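As written, the chain order gives the labels A, B, C and D, with residue 1 at the start of each chain.
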């Protein structure tokens, strides 16, 4: 029984180190993990550069194995230290941890599988886990809240932009035609998106005077309508700043969003908790 | 008379299904219509892609006929189910429904008329009808209201941008000249719009030092004045948000700025005047 | 004396028609002038298009003379109808009117002077005069006020952007060098402006990995700092919306900017005029 | 002792002229310094232009020496006039002054050292010192304050953008591949940044339909998320504006939201509590 207890406390300590960041050991673990993740991403990026990838194949392969083994250990420790392993394994981060560790093992079986690189890129998503520790969480929660509140509006806006782009793309396809690079409607729609969002690659550009006139209209339109998402998000963030309305809940009728400093509920007249 | 009544109720039910979205049958109709519209748009887009258009001419033709017949039936049902058909036929959506259905029939008479594609693109506008059902209406109404309120300002702004572009385009035409791609004033104005809106295709770019200097001024100008429409819309949307707090004054303690719909004063708990 | 009086009233009526827009005749004059200005601008633009300019030289020349004579008459009438002609002649619009009318006359003496086109482009500025009539004035005054209030801030911002561009341009000149298109510091600064303002022509683009890394930093920087002018103007426009503060002046102590609905001056307690 | 005192006052006067801008002599010094800095920057820029640099080598060399000697004198005067020279020498501006003066002297020893140009570009940073005098300080402090307050949020945002770009770049590398210009992941990430920030050079552009589809998603994403930093800064600047209205409550009628510095209630004229 004593053994069992020490084992429990051992598991508990491991859980604290791996899943929390309040203790010095937990912070150290997070910092090491962050470094390992960044190194692993840098490895994937460097390997893709032709001159580096061919010259240092051997070194990169070893480094990759070291990272993979480290991640494997971490993955196993995470499963051990949690009371319900299945909860972790099938969670969002659990799946990412698994998928970003497995490619190197698979590469032994399926040699030369180039596309496993995509799985390795999933390691990037692991960075978000580390960020739990810092003050960034609060800030990003603020942002996430503002974005969530304006989600429906932004969706309506993007949907509207998409329809405008399809209509304008179809028109440009008829006006410019295949001889000026507008070879199909999907490609013209792609061009319309490139133009409306003010990206402007220039790989396709209108040649006819009428096409250039319509392009001008699209650009000025894009210049004007970029104001809309900005306005939506701005006002949403500004609202969260306005300390006038807090999220206090009335103890009597549960009405939320009271004016700051309110003493009585504006809905039922009941005194609010301080 | 009973027959007449049953016919009336039959018409009424059809009207409910087609024009409204409150009943399950009405919702189903809208979903089917939405799918049909998206499929029909996809068909137009696919047909324009050369490799697909030539390979699957037969299949696309049949699919197009199916869609056209479906839309024709819908069009006829809409006319039958409404009490005053002329009101629908000459409405905005009535005309779009007609114009987006007719091209395929016309293609029998006028074979090979490429430009009918433009009419078929009108189908896209039909999408807006479906959107009546969702919560999107409320959101888009919010946006539309904010845009309507700032319409005059945005128009003044766009007019100002256009004049600036014409002046700058004329100057660039003189500075760069035809040998650097600025072959005419309209083309130079087109370039000025491309630059001021920060699109920057790069199909035309200044070559002379003076031209590049003026271009720099235009770009920094464009970078600064994009703030204007954004500011207009932002403040307008923010205003529409502020309706949560009204300026109602408490009859007992004269506290102002209550939450909309407040029944009791948040300061003294006194009942507010309605 | 009667003659003198009738002459005076004739002058007065002419003044009303030309300088004001309250009477029907005055409105008609403004509309005709607006059309003439737009036509004259269109002529300059069309003439610059090579294919049109060479084909219709004769017609364009005649049309240009008609416009010039019309503008000359208008110019003379403006001088006659005003009590102090010198005040008009040396005003901003007086100079523009003169400079945009004279080029055609000069073209008789100096044949083939291409650069007179720049003077003719000044006609565009005349458009602003017409706009006095509409409700646009109020809207543009709103905008102008907001811009004026944030002038100093925007200037600081643009100055800052310029310095950043010069520094980044110099760095890119050293990193990329002449072989990648960064042939001189001014040209590199031009590229930095093109990049920071998110225009991105692509006529010059970094080739070296380090150059592309710095370019990435510049782009993300530009993406972030575009928020600054927008924020400045947004808050300024929002402020002008806030009807809470009006420009009422206290009759006792001349303090301005009172809360709307204020009955007493917040500075001296004196009752405000209604 | 008299000598010592006169020396002290001489030092004091010099300190006033060089370090302050309240006296006419101090203002004159600042203006001369500003001109010298701008001239010195112009020299560096002109020298880099190949045609000018080779033609006027001799003149530019002399002008450069004049500027260098002037800056050397200023540097020595700054050291002399301050009571604790070491405090100046190792300050931010002290180091910049030193580093931007030294290159010309070094060029005698190390001939043809091209990269010293980078040090000379440091002169630009000296411009900021001059700006201390103007009202710009106040404005830029406002901006700096707003930016500082939203620093954490903007950092979170930029970090998020970077991760999105790395993920999207990796995907595009797999989709497009080396044959379409996406030769490595770092290069693809560079492209993703170019696209997301709506710069769009066009040196690399997607060729495959799938690549163009992903690019469209990135562009619309970039178009939408540019709203976030703008919203952050807007609301922050707006907040700094709102300090005009405080939430002071009138002791007599309980009216809230008075203008900052209000002495009397604008509603009942009662004196406000301080």
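Operating definition for what follows: a contact is a pair of C-beta atoms (placed from the backbone, for glycine too) under 8 Å apart; a residue touches a chain by one contact, two chains touch by 3 or more.
Remember, predicted model here, so these are calculated numbers, not experimental data.
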Fraction-based call for subunit D against subunit B, same above half, different below: same
Need the most distant chain from subunit C, centre defined as the mean of C-alpha atoms. A
Distance between subunit A and subunit C based on Cα centroids, please, to the nearest Å. 43
Could you state the distance in Å from the CA-based centre of subunit B to that of subunit D? 41
Note: subunit B sits from subunit A at a C-alpha centroid distance in Å of 29
Find the geometric centre of each of subunit B and subunit C from their Cα atoms only, then give the gap between the two centres in Å, rounded to an integer. 30
Listing for subunit C: what residues touch at least two other chains? 157, 186-187, 189, 198-202, 226, 230-232, 234-236, 238
What does subunit C use to touch subunit A in their complex? 198-202, 230, 234
Contact set on subunit D toward subunit C in their complex: 41, 44-45, 48-50, 114-115, 117-118, 121, 124-125, 127-128, 135-136, 139-140, 142-143, 146-147, 154, 157-158, 161-162, 186-187, 189-190, 193-194, 196-203, 226, 229-238, 240-241, 244-245, 257-259, 261-271
Using the touch definition from the top, list the residues of subunit C that touch subunit D in their complex. 152-153, 155-157, 159-160, 163, 166-167, 170-171, 173-174, 178, 183-187, 189, 195, 198-202, 205, 209, 212-213, 215-216, 219-220, 222-224, 226-228, 230-232, 234-236, 238-239, 244-245, 257-259, 262-269, 271
